[in-house]
Each structure stands twice: as structure tokens, then as C-alpha cells.
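Working notes, beginning with the structure itself.
A, B, C and D are the chain letters, set down in written order, and residue numbers restart from 1 in every chain.
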Amino acid sequence: MAILLLLLGGAGAAVGLPSRIGHRVGQAGAVIGSAIGLIPAIRVLAVEVPEGMFGVWHMPGGALHLQIDVVSAFFLIPVFGLSIVTALYGRSYLLVSKSESESAVSWFHLNVLTASMALVIVARDGLLFLLAWEIMALSPFFLVIFDDRKESARHAAWTYLAATHLGTAFLLVMFVVLGGLAGTSNFDAYGAVLRDHPPLASAIFLLALIGFGAKAGVVPAHVWLPEAHPAAPSHASALMSGAMIKVGIYGIVRMLMMLGPPQAWWGWALIAVGATSGVLGVLFALAQHDLKRLLAYHSVENIGIILLGIGVGVLGLATGQPPLAVIGFAAGLLHVVNHCIFKGLLFLGAGAVQHAAHTLDLEELGGLIKPMRWTGTAFLIGSAAIVGLPPLNGFVSEFLLFASGFLAVTHPLAAIATAGLIVIVVMGLISGLAAACFAKAFGIVFLGSPRSTEGAAAHEVARPMIAPMVFLAALCVLIGLAAPAVVAASAGVVAAATGMRVGAVGDELAMASGALTGAVIVFAILIVVGALAWAFRARLLAGVAVPRRPVWGCGYRFPSPRMQYTASSFAQPLVTLFHLFIRTREALVPPKGYFPAASSYSSDSGDPFLHLLFAPTFRWFDRMVSRLNVIQHGHIHVYVLYVALTLVALLIWESF
Amino acid sequence: MPALASLAATVCALVLAPLLFGIVNRTKAFVAGRRGPPLLQLYWDLAKYLRRGAVYGETTSWLFRLGPVIGLATAAAAITVTPFGGIGAPASFTGDLIVLAGLLALGRFATVLAALDTGSSFEGMGASREMHFAALAEPALLLALATLAHATDFVSLTSIYRAIDAAAWTGALPTFALTAMTLVVLLLVENTRIPVDDPTTHLELTMIHEVMVLDHSGPDLGYIHYAAALKLWIIGSLLVGLLVPVRSGDVWLDLAAMLAGMVGLALAIGMVESAMARYRLMHVPQFIVGAATLSAVAFIIRLV
Amino acid sequence: MHASESIVALLALSILGSLVCLALRRPRHVLMTVVGVSAAQMLLACNIWAAVVSGHGFVSAAGQWLYVDAFSAFHMVVLALVFVLSSAFAAVYFGHEAEDVFTAAVASRFGTLWLGAQGAMLLVLESNNLGIMWVGMEATTLLTAFLISLHPSGLSLEAMWKYLIICSIGIAFAFMGTLLAAASIQSDGATASDALFWTNLASTRAHLDPTLMKFAFVFVLVGYGTKAGLAPIHSWLPDAHSQAPAPVSAMFSGFLLNTALYCIMRFVPPVQHALGQQFPSELLIVFGTLSIMVAAGFIVFQKDAKRLLAYHSVEHMGIITLGYALGPIGSFAALFHTLNHSVCKALAFFAVGRLGQRFGSHDMHAIAGALRADRLWGSALVVSVLALIGVAPFSIFMSEYQLLRAVIGTGAWLTLVVFLAAGGVVFIAALRHLIDMAFGTAGEHDRGARDGAFAAPIVVVATALLLLLGIWMPLPLFDAISSAAAVLAGQP
Amino acid sequence: MFALTDIIQAVGLLSCFALLATSRIGACIRWLSFQGILFGLVPLIVHHDGLSIREIALASGNVALKGVIFPWLLLRLRARADYNREVQPFVSFIMSILFGTLALALSVWLTMQMKPALKDAPFVMLDSSIFLIFVGLFLIVSRRNALMQVIGYLVLENGIFVFGVITVVGTPLLVELGVLLDAFVGVFVMGIAIYHINREFGSIDVDRLTVLKG
């Protein structure tokens, strides 16, 4: 448990001496602290025996109760792992980004973020959980506003903290109500209370879904993600998107564990929320020009996928279908880890691109894979993984999710079969759109030729930034190829999350891992054939001449880079198809006459929920409230009148 | 014996796939009243491509070279999970249909990236259209497979197709019929045939698939054509396997029936291509979504 | 030093100090005296506190006329704390004012009134006799009036006049209430010279007439409520806070308001004896929720930083009142919140005050990029405002959590909704204001002008306190607050 | 003895209505002093056990303060701001008088509410004290002139004083003196404030003090 102390130690040191040393200390604190933190997590996962500790805490309605059980350990590993990776990446990223003394402080917030995430995950006490949760909500605020000279960053920070706080309000109510009923804020006591009040359990579930969902970024509470992620430094966004929003998922899982036997409609609710977030997330992503905004929306999508899995699992539990429950939860939980890996990778890649080309606007980029071989390849692997293409890790969890869908489909019960069909179709749509989106993202950024002078001047980034990306990319491949083992290994976690016996879970998972073995064999064939084909091609071309010529431009001899297909034009067909949701605003100045003068076209896809729902509501509220002005307009007579009237009113009221 | 049969089926696929195009073109020519190219034209073409050298665009990178290879590899790998009617696929396991979809997606992804690598606006356009249709085709395919799975209570292509015999047809006629229609549409979309795309057009602006491979040449082009043939064979055998429910005990008989079915399919495609004109691009999505709804309807019919 | 002696000593020190200041002719000396006196009083207060908590619950002097129990002892310590901080800050703040602005005359006036006001507040906290308590309250009004217009100007005079009139009227009502309370005993026939001792009123032996007690409480609530800045009778508060010099504003919302609430709470036990639990808590809930809502509304569209903080005071006074209305847990929350709010609000006013000096205005549009303009006070601003809107790990989050427990425990769902909704509004609005002020590129401001030796310690101490209490509740504090809450529950 | 209280009440009410209806500040101040003297004498009348030194001290203190010192102070202030001798009400005098009657009714009603609890307090005194409070408030609310607000405050003070005298017997002298002191300092402070305001704004017209709002 010394993990937290150590992390905070490193953090404190980082803020203590803001300078090059501060950077070193901050990085060291993060790496060492997280490394030490990994030890108990791995130990627990290995022996599957929870470790806990109690401490004295005189805060009424709170107790210092920490515990690492299998689920906690499972969530701790991505947190700490990603923290290490991002820390290794972060230093060289920060050193060139901003004045050292200012950026050194960001280590403090980064480390506090990691520490608080860990604390949230190991807390077993309502108040302690909330405390850690709030700290976890606060520290990213300073990371988002890191570049506070930009108005956008400030607004992003505001949006972020406001959104999370509103979510936290629900959690406050939830925990206080539970604590009030249980008489103690200890998690163990909650379960007992809820078993006696089923309706209460449903209410609590709703509160949890809203509260944790806001943090996880489900539609429509997702609005802060596309604002906050682009604003923060890339390694911070990686940590936020890779780990922090997963803590929201952790909260939902933990509550489900406490709530005991679920009801069917919870599963439906989760599936509905997951489907909405998944589809809308990827749709909004399609329409973005900014690489990091695009990635942020994909976080929304992936959270949706995770919730779909958990939803299927809950449905399985509620209707007594062990296979469904197990595969569903396995898919959801595994996707947590996978998303952590490839989303972390992609954000780090985006950071590298920003360093190299000084912009993240897709329309300015292009052809980066030639100067940036490593980054490009890593980013490609990440993209393929997030799209769910074989043989990478993304495919594994999506395979499980599809499998659960197909299991449900073959079920005689009409309701379950329908659920399965919904999952399959939604997932199919999501992966299709995601493929389109990342074909665009990777293709426009790294392929073709540069669309601007900055892009042309791009160079590969420093080695400390490359290494983490390569490492994560390797993980993507590894998990993809070692799928059966990975799935089989997750038995303990799934058992803990579903509350089933490990043995039973193991049997169900054995089926899945068996299937995946088959899949891996096919991958092997794929790879072998590919290698052979490559070699064969090489031999064929060995003798003959392989000249380079300009690309075929339909007869036009002088194509310029500006004439390449742009990101917006690539996405245009799908965007128009789904304009009901995407609401792209276009500004077109068509060319006129035979010798047209300047003509222009620009499109911008803001978030419809932000522009059509939240912003108007806020403006309306401001208008309403500012009418209060009249009661405070400076006339002392009226003020005295208030006093008098209050008195008289009370006197009369009390006399009756 | 079944193992031997599935091996034989695989070999047939690898060898006979290009023949399908021959048959298609021959049919079209026949309907148009021409003699048309020889049946084995594609084989000669492939041989020629492999002998030729290659020319590469100045802007292209290694991805451009990798694209065709991956396309070929995915097609080949996909063959191994595709059952040939009653004859099981070499590799068959729970959820292999997911792997099939995944492999097709991977191949498409590689092709699209290779196209974007050229930086040519035409190929970018083609890539965009391809992704546009694929995003809709993928759920449609999965929907169709899900319906079949629901109808047969199996989650593996091989077992599903083994279960589709005459009895099953009589049991769930409307379901199978509707799903078959979906598969027909998907066949046309995935293999970019008329009325979705015209492989023989000569105006880049109207192309979808062909425009993406404009800059490929030599062995790469050969790979691409061969992969296309394999893809046609794969989806074709899914369709034919559904339409030809010959599940006699004798595998060789089944094999023969299937082969006949494939030839028939090729003829049918030829007829369609000579009978119909290409849709306007914006109609294609409706075409696909409509097909998907057919499967959904089939599913719902099956439910109640 | 013996506790009962230190009670007297406290008063004596203030009065002595104020007289000394009257005599002093050098601004620096005045400021030093103020700091010294308040520091000494801090020790005395702690001494009393220790005696009360450890001993048998109370310390008395001058034949029961001065009487300090756990409740008043707690407030006394908070008062002393706020005063030490504010006095130290006053040294910093006025140190930055030009010689011809902060002249010797002004300085000595400040010292005299400042310590005088403190003496008056101490009198309120210490006196056992409700009449004397009232006298002390009225005295605070009169003494602080000129602190507001320390530098006479149109605006400060306007604020001062409003403060003077409105509070005097309020206090007059409070006196009416006090008289009624006394009458309610008298009407029972038993005449005693110590009738107005709240120790007697609170004791269950006293037979109180319900009707009169009812009227009495209404008058007291409206009267002292005016001074405590409860909506809708808070109208003087934003003006006074915005016009007074920063240290004075800090002292105002840091403690003056709490003193008024203290007086109200002194009446609650007897009222509960006469009329049961229900009656007072109903009224308190009404005023509390109303204050929270009104404050939330006004916070949204504030332009002036100090007015913003003033409305925050209204909100937090409402929260504390609400807490007092909600039984033992609520009282605990309220007392804890009193401490947190006093420290936090003082710090906030310090920061805004100094930044106002730097940027030459308290207009929130003028203040921008404070973190860059002035690292120390900029971060103080960030910390204090974040704490103020209830962000963990600062202590106000904890006390509000306790309050929430009380609210939900008593099943006051409507109150819960109001509290959370208003809290959300305040959070979002105030956060927007904070970001505009603290971050971004620094606006037009004067560089240089190093702060005195006190500056850094003030910020560090206050921040540390907020942070520490936010994550750790020391056992003695817990005991002290619990015993103070017990007093309110009616077992002294 | 009670006849006396009746007389005092009658005259007191008269003075109140006079304050409500008078348009010149000087007159108002004189009426105030008259009222102060009048009600300052109440302790001498309403006592239950013989005249004690306490009552006398109290009465004399009040008469001196409210009857003489305050009026004198106010007159001096008025002399400083001498170009402004009008009351300048927001509410017309007619309305003021009407309000007065209304307030009287209300106070009688309130007195009836309280009376059962206060057996030995003379009814007439009780309701006139409450009436004084209302009138004081009304003057503060309805008059533009700062001086009039002070006057109103003093009327209110009178009311509370009378109420205390007749309801509470045996409040320690210390308390009473403290109260008196406060009243004195209060008026004194207000005086200084008015002086400053007059110097700053060149008028003691309160509704110029409306810059601070929102």
C-alpha cells in the first residue's frame, strides 16, 4: 500500500523544484511509484487472494479501508502500466513544449492523477472513494488548462470540470443514501442493505449509471472529452483517455458487484447506452478535422463497446445464462485493457505528429510515414487495432463481443435473441464506420504527400518518445496472437465481476479460448501466406526494372499536393448519409463566371449535443437568472422594506 | 474422407476461382452477341502480370506495396474458414464467421490505405466510396449470418451450412429465401459488380473499386485480380451453399453439386450484368440497407 | 495562566490595544501592535478552549456574567484564527498603500476600530447575559461602520450608510426579541436579576411562555439574521464587502457573520424547550435554502470579484444555517463548515485584495492571468475559490458531505434537490469566473512591489489548514466540534 | 393611574401622525424630541413596586438623550445641510397617514395576540409601542432625506424602549445603560456619516446612494 505514498512523494518533489531537476524527479516518481504499485496488483491477480488494510480516520461517516481484490488489481494494471509508459514519453514531450519551470508542475498533477486513480480503485469506503474520486476529477483540470494562454484550453477545462462535477453530485447522493441505510460507509455493508430493498437497488443503479457514465463519457455526457483531450498534453490525454475514463467503468462494475442479482432491464439499459455512445461516438469522430478530437470521440465509441459487453453480461446474469454472462463480461473487461493500450498508443502518436508537424489539423498533414517511419508504423498498428482488425488485440475483445451476440442470437428466448442481434448489428456498424474513420485518419496524416509546408518539414521524434509507442504497438500484436491464453487468464476477474464460481467461468471461457485458438491458426495461415506472397513478389521484381513515375492523374500532368483528396471529402459521403446526427455546418462560396475569382468551401462539425442542447440551455439559464438583478438595485429604502416585510410576514405566519 | 473433401474444395477454390470471371464475361459477350474473351483469359492475364516488372508512383511508400499482398493473404486465409456447401471448411470453430468478416475487413483496409498512399485524388475518391459502402455492407453481412445462425442454432459456418438441408429449407423457407436475397446483394457489393460498380468502365470518376488499383502494376496487379477472384468465390460459395441444399451422405456428390452451383452463379451474374445498368452512387446505400432489412425481416419472422 | 483569567484578559487586551493604537502615530507601529495583540489572543483563546474541552464543559468569570462553553469556545478559536490571519494580512495589504493614502490618522483609526470590533465580538461570545450580548452586537455594527469607509469615497460611504441603517434596524429587532424572551420568563412570575442569562433560559427548569418565545425567536431571527446576511435580508452585505478594504472584508465574512449566527443559535435551545424541535428548524431551513438559492442566482452574473465572494458568503451562511437546522449531524457539519468557510473566505479576500491592488481594480475583466502576474496570490486565489465551491481535497468538501448526510438522514428531499442544484450552479458559474481571473495571459498590472515577510506564511498556513482538514480530521478537533454540537442539542 | 397611560398613548399617537404628516424637517425633529420626553417618562408611571432609583435613572437618562441631545444633534446637522429642509417623501403625506391608521390596526391585532402572555402589561402602552415601531420603519422606508431616516430609527428605538419598560421588570441597570450607550453612539455615528455624505455628495439625499447594485 506504500504505492500511494510513494507516488505522492514523487509528485511533491516534482512541484518542489520546478526546473530540469523537477522534470527528472517527477518522471522518476511516476515510474518508480507505478512500478511498485504494479507489484501488489500482479500478486493479487496471480494468487487471487484479496489484500486489504484498515486505518484510523476520524472523519465522521468515513473509514480508512483499502482493499485490492482481483477486480481492483485488474483495473490497477492498466492505470499503472500506462502511467509508466506515458511518464517515459512525457519528459521529452514537455521539454520542447513550454517553459520548463511551468511544465514541471504538470508532473505533479499527472502523478496525483495516477495516485488518485489508484486510490479510487482500492478504496472500500464511501467517503474515501468520493474523496479520491474528486481528486481524480480535479488534477486533470490543471492538465487540460496546461496551455492556458489558449482560450480553447480554458473553455475546455471549464467544460471538463463542470461535467465531472455534475456527475459527482449523483455519486454523492448515491453513497450518502447507501451509507445512511447501512449505518456505515463500508462497501461490504452496502451489499447487505441493497439485497433487502430491490427497488432501491434499481434507483442506486441509475444513480451509478449517470454518475460514473458522466466520467466514462457516455452520450450525452461525453461533451467534455472532445474538448479536454485535445487541450491536454498528449501523454496526459493518453493517460486520461486510456486509464481515467476506465475508472468510470470500474465504478459501474464495482456497483454491479455490490448490487447483487441484477434485473434484466439494467442489462437493457446498459446495452442501450452502450449502443448510442458507440454509434454516435464513431459518427462524430468521422466528421472531425482535428486528430486529437477524432481520437477523443473514439474514446466515446469504445466506452460504448465496453458497456455493450457489460450489458450483455448483466442480461445473461439476470436471465440465468452463464455463457452469455461470462463472455459478455469477458469482452467488456478485456476491451478495457485493449482500449487502454491502443488508445494510449494513438494519443502518443498524435503527440509525436504535433511535435513533428506543429499541427493536428488533418487538412494540413500528409505523407508523414516517410519521414516518421516508426511513429507511422506504430500509429498504423494502433489504428488497425482500434478498428478491430485481425490479428490485433482489438479484434480479440470484439470477437468475444460478437461471440456473445451470436450466442444470444441462437438462444430460443426471443428477447435474448433480439438483444444478440442488436449487439451484432451495432458492432458491425461501429466497426465498419471505425474502419472508414481510421482509414481517413491514418491515410490522410501519414500517406500521400504533405499538404502544407509545416507538414513537409516534419522529422522523426526523439527516441524516448518512440520507444513507448513501439512497446504499446508490440503489446497490440502480442495480445492479438496470444488471445486464447489471455482470455483463459481472465477467468478470475470475470468470476469476481459476475459473482460466479471460478470453475464455472473457466469452463465457459475454455470454449471461447478454444474458438480463439482456431482464429489464431487462421491468423498464422494469413501471416504465412502473406510472407510467402511478399517473398514471391520480391523474387519476381528482383530481375526487372522497377522505375518510379508520377501518379496517374487522369491525364493531368501537374498535380499539386493541395489537389489530394482531403479528410473532409473522404468522410463526406458518410457524413451526408448520417447528417441527421452529425450536423456539419458548411460555408460555400461557389466559383462564378468563366474566370472565377476566389471561391472557398469550409465545413465544421461541432458537437450537436453541445451546440443544440447544452449551450442553449446555459444561455437560457443565464438570461433567466440575470433577472434577479431587480431585487438588488441599490435603493436602501427597499432594502429596509425587505427587512420589515420579512418580519411582518413571519409574525403573521407564526400567529396562525 | 470429409477432411479429404474439404481439402479438395479448398484446392478447387484456389484453382477455379479465376474461371468464374471467365464465365461471367463469356456470358455477357454471348448475350451481347459477341464471341468474347476465352474462358481462361484471367489465367493468361495473371501469368502475364507476374512476368512483368512494376512501376510505382513517386509519392508511394512501402504500404503501397504491402496492400496487394495483404489483400491476397486475407482472401487466402478467408478461404480456409469458408465451407463449401455441406463440405466443412478446413478450419472450423465457434465464431469463425466473425473471423471471416474480420479478414474481409482487413483486406479492404489494406487496399484502401494502398490507394490513399498514392495521394491521387481519384484513388482517394475510390477509397472513400469503398469505405462508404463497406461500412454498410459489413453489418448487412453479419446480420445475414446472424439470421442463419438463429435459424440453425449454430455459431460456426461449417455447422451452419451443414445444417442447411432440404428439411431445414422446408422448415424455414421464408427466412432462408430472404437471407439468400441479402447475400445476393452483398455478393454484388463486395465484388463490385453491376449494378453497384462497373468493373469494365473507363471513366475514373465513375469507378469505385477499379479506381483504387489504378496505379498498381505487375505482380501487385496480379495479386489484386487473383484476390478479387477468391473473394468472389468465397461469398459465392456462401450464397450457393445456402441456395443448393444438397446434403447427401456422399461428400463428392455434394462437391459436384456445389461446383455446378458456382457455375450457375457465374452465369447468373453475367445475365444480371448484361440486363441491368449501374445504379447512381447515392442509390447504392439504399440498395444495401434494403438488403440488410430483408435479413432483419427474416430474423423477425423466425422469432415469432 | 488560568482559563477564567484569560477570559478577562482577552477582552482587556483588545480594549487596551485599541487605546494604544489611538495613541500611536506611525502606521507601521499600529500594524505591528495589531498583529501582536491578535497573536497573543490566539494563545489565550486556545488556552480557554483547552480548558473547556478538557475540563467540565465551561469556564466562567465575573460571577457567571462571562461564561464560555464548548460552543462559544469553538467560535472564539475561529475568531482568533481569522483575526491573526487578517491582521497579518492587513500589515501586508496596507504596506502596499501609499503614505498619503494610509496616513498616520487613518492607521490609528484602523487599529482602534479593528481591535475595538474584535473586543465587541469577544464580548458577544463571552457574555452570558443576552442583553450584554446584544450590546456587543450593536457595538460591532457601530465600530465596523467606519472600517468600511476607512478611505472615505462616494461608494464606500454609500455602502457604509446602508450597512449602518439596515443593520441598526435589524439589531433593534433583535433587541425586541431579547426583551420578549425575557418577558416570557417574567410572565411566569419568577423575577430574577440574572433572568437574561442564556444559561438559565436554556436550562430545562425555566418555564417559558410559548407564544412569547415564538415571537421572540421571529424577532431574533430577523434581527440577527440581517447581520448574518441571510437572504432576503442580506442586501447590505455585497455592498459592504465590496467597498471595505480587503482585510476588513475578510474579517466581515470570516467572522462577523458567524457572530450573528452564534447569537441566533444561543436562542435555539430555549425555543426548543418552549416549542419543540420542529419550530426553529423549520424557520432555519427556510432561511438557509433561500439564502443558498438567491446567492447561487447572483453569483452567476457578478462582475466584481469582491461582490462575487460576498455572495459566496451569503451562500455559505445559508449552508451553515441549514446545518444547524438538521439535528446533531447537521450541527456538526455546520460548525465544521464555519471553521472551513472562515479560513477559506479570509484567504479568498486576501488574494482578491492583493490582486486588486496589482491590477488596480476588482473588476473581474481587469483581473486576468493572475497566476502569471502574481504567483503567490494567484495560486491563493485558485486554491481558495476551488475550495469555496466545494472541490476535494479541500475541507469544505468534507463539511458539505457531512451536511449532505444530515440532509438525507432527515429525509429532507426538497432541501436536498435545492442544495445540490444551487451547488451545481455556483460551481459552474464560479469556476468560469475563476478561470477568467486566474489563467490566461496576464492583463495590465504593476510588477515589482515585493510582499512583506507575512505574505507567504499566511497563504501557506491557510492552504495547509484547508488541505489538512480536507483529508484528515484530528481527534481533538473532532471532540471539540462534537461537544459544541452537543451544546446545541441541549445538553451543556 | 391608568388614565395617565391613556393620555400618554393618545398624545404619543398624535405625535406619530404628526411625524407622518409634517413636511418640514425642523418640525419633525421637534416632534421627535417631544415624543422622546413623553415616552421617557413612562418608566416613572409604569412601575409595579414603588419608584426606585433605577426607574428614575432610566427615565432621566432617556429624557436627556432623546428629548434634548439627539434633537440638538439633528438640528445642527440640518443647519449644515441647510438648503434642504424638506422631507421629500416617496409616499405622499395623505398615504402616509392612511398607512398610519393601517399600522395602528395591525399593532392592535398583534397586541391582542401577545396580550394573554403579558398579563400585567398595560394594553394601551403595548400597542402604542408596536405602533411606534411600525411608524419608525415606515419613516425610514418612505423618506428620501437621510435625517428623516435617523428620525425614523429613533422612533423605532422609542417603541422598543417602551416595550421593554412595560414588559420586562428587573432587567439589570447595566444592560439598560449599555442599551442607552449604544443608542447614543449609534446616533452619533449616523451623524458623522451624514456629515461625510453631505460633504461628499453635497446633499443628504439618500436616493443618490444607488450606485452599488446587482
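As a convention for this text, a contact is a pair of C-beta atoms (placed from the backbone, for glycine too) under 8 Å apart; a residue touches a chain by one contact, two chains touch by 3 or more.
Model, not experiment: these values are computed from the prediction.
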item	value
Busiest interface, counted in C-beta pairs	A-B
Geometric centre distance via CA averages, chain D-chain B, whole Å	101
Intercentroid distance (Cα basis), chain D paired with chain A, Å	70
Centre-to-centre distance between chain D and chain C (centres being mean Cα positions), rounded to whole Å	31
Interchain centroid distance [CA atoms averaged], chain B/chain C, Å	79
Of all residues in chain C, the ones touching two or more other chains	161-162, 165, 169, 215, 238, 298, 301
Chain D, residues touching no fewer than two other chains	113, 137, 140, 149, 206, 209-212, 214
Where chain B touches two or more other chains at once, by residue number	none
Contact pairs between chains, per stated definition	A-B, A-C, A-D, C-D
Partner chain D, residues of chain A touching it in the complex	629, 632-638, 640-641, 644, 648, 651, 655
Residue numbers on chain D that touch chain A, as the complex places them	90, 106, 110, 113, 137, 140-142, 149, 206-207, 209-214
Interfacial residue positions of chain A with respect to chain C in the complex	57-61, 127, 130-131, 133-135, 138, 145, 148-149, 151, 154, 157-158, 161-162, 165-166, 169, 172-173, 176-177, 179-180, 621-622, 625-626, 628-629, 631-632, 636, 638-640, 642-643, 646-647, 650-651, 654
Residues of chain C touching chain D in the complex	129, 131-132, 134-135, 138-139, 142, 145-146, 149, 152-155, 157-162, 164-165, 168-169, 172, 175-176, 179-180, 182-184, 186-187, 191-193, 195-196, 209, 211-212, 215, 238-239, 242-243, 298, 301-303, 307
Contact footprint of chain C on chain D as seen in their complex	113-114, 116-119, 133, 137, 140, 146, 149, 153, 156-157, 160, 163-164, 167-172, 174-175, 178-179, 181-182, 185-186, 189-190, 192-193, 196-197, 200-201, 206, 209-212, 214
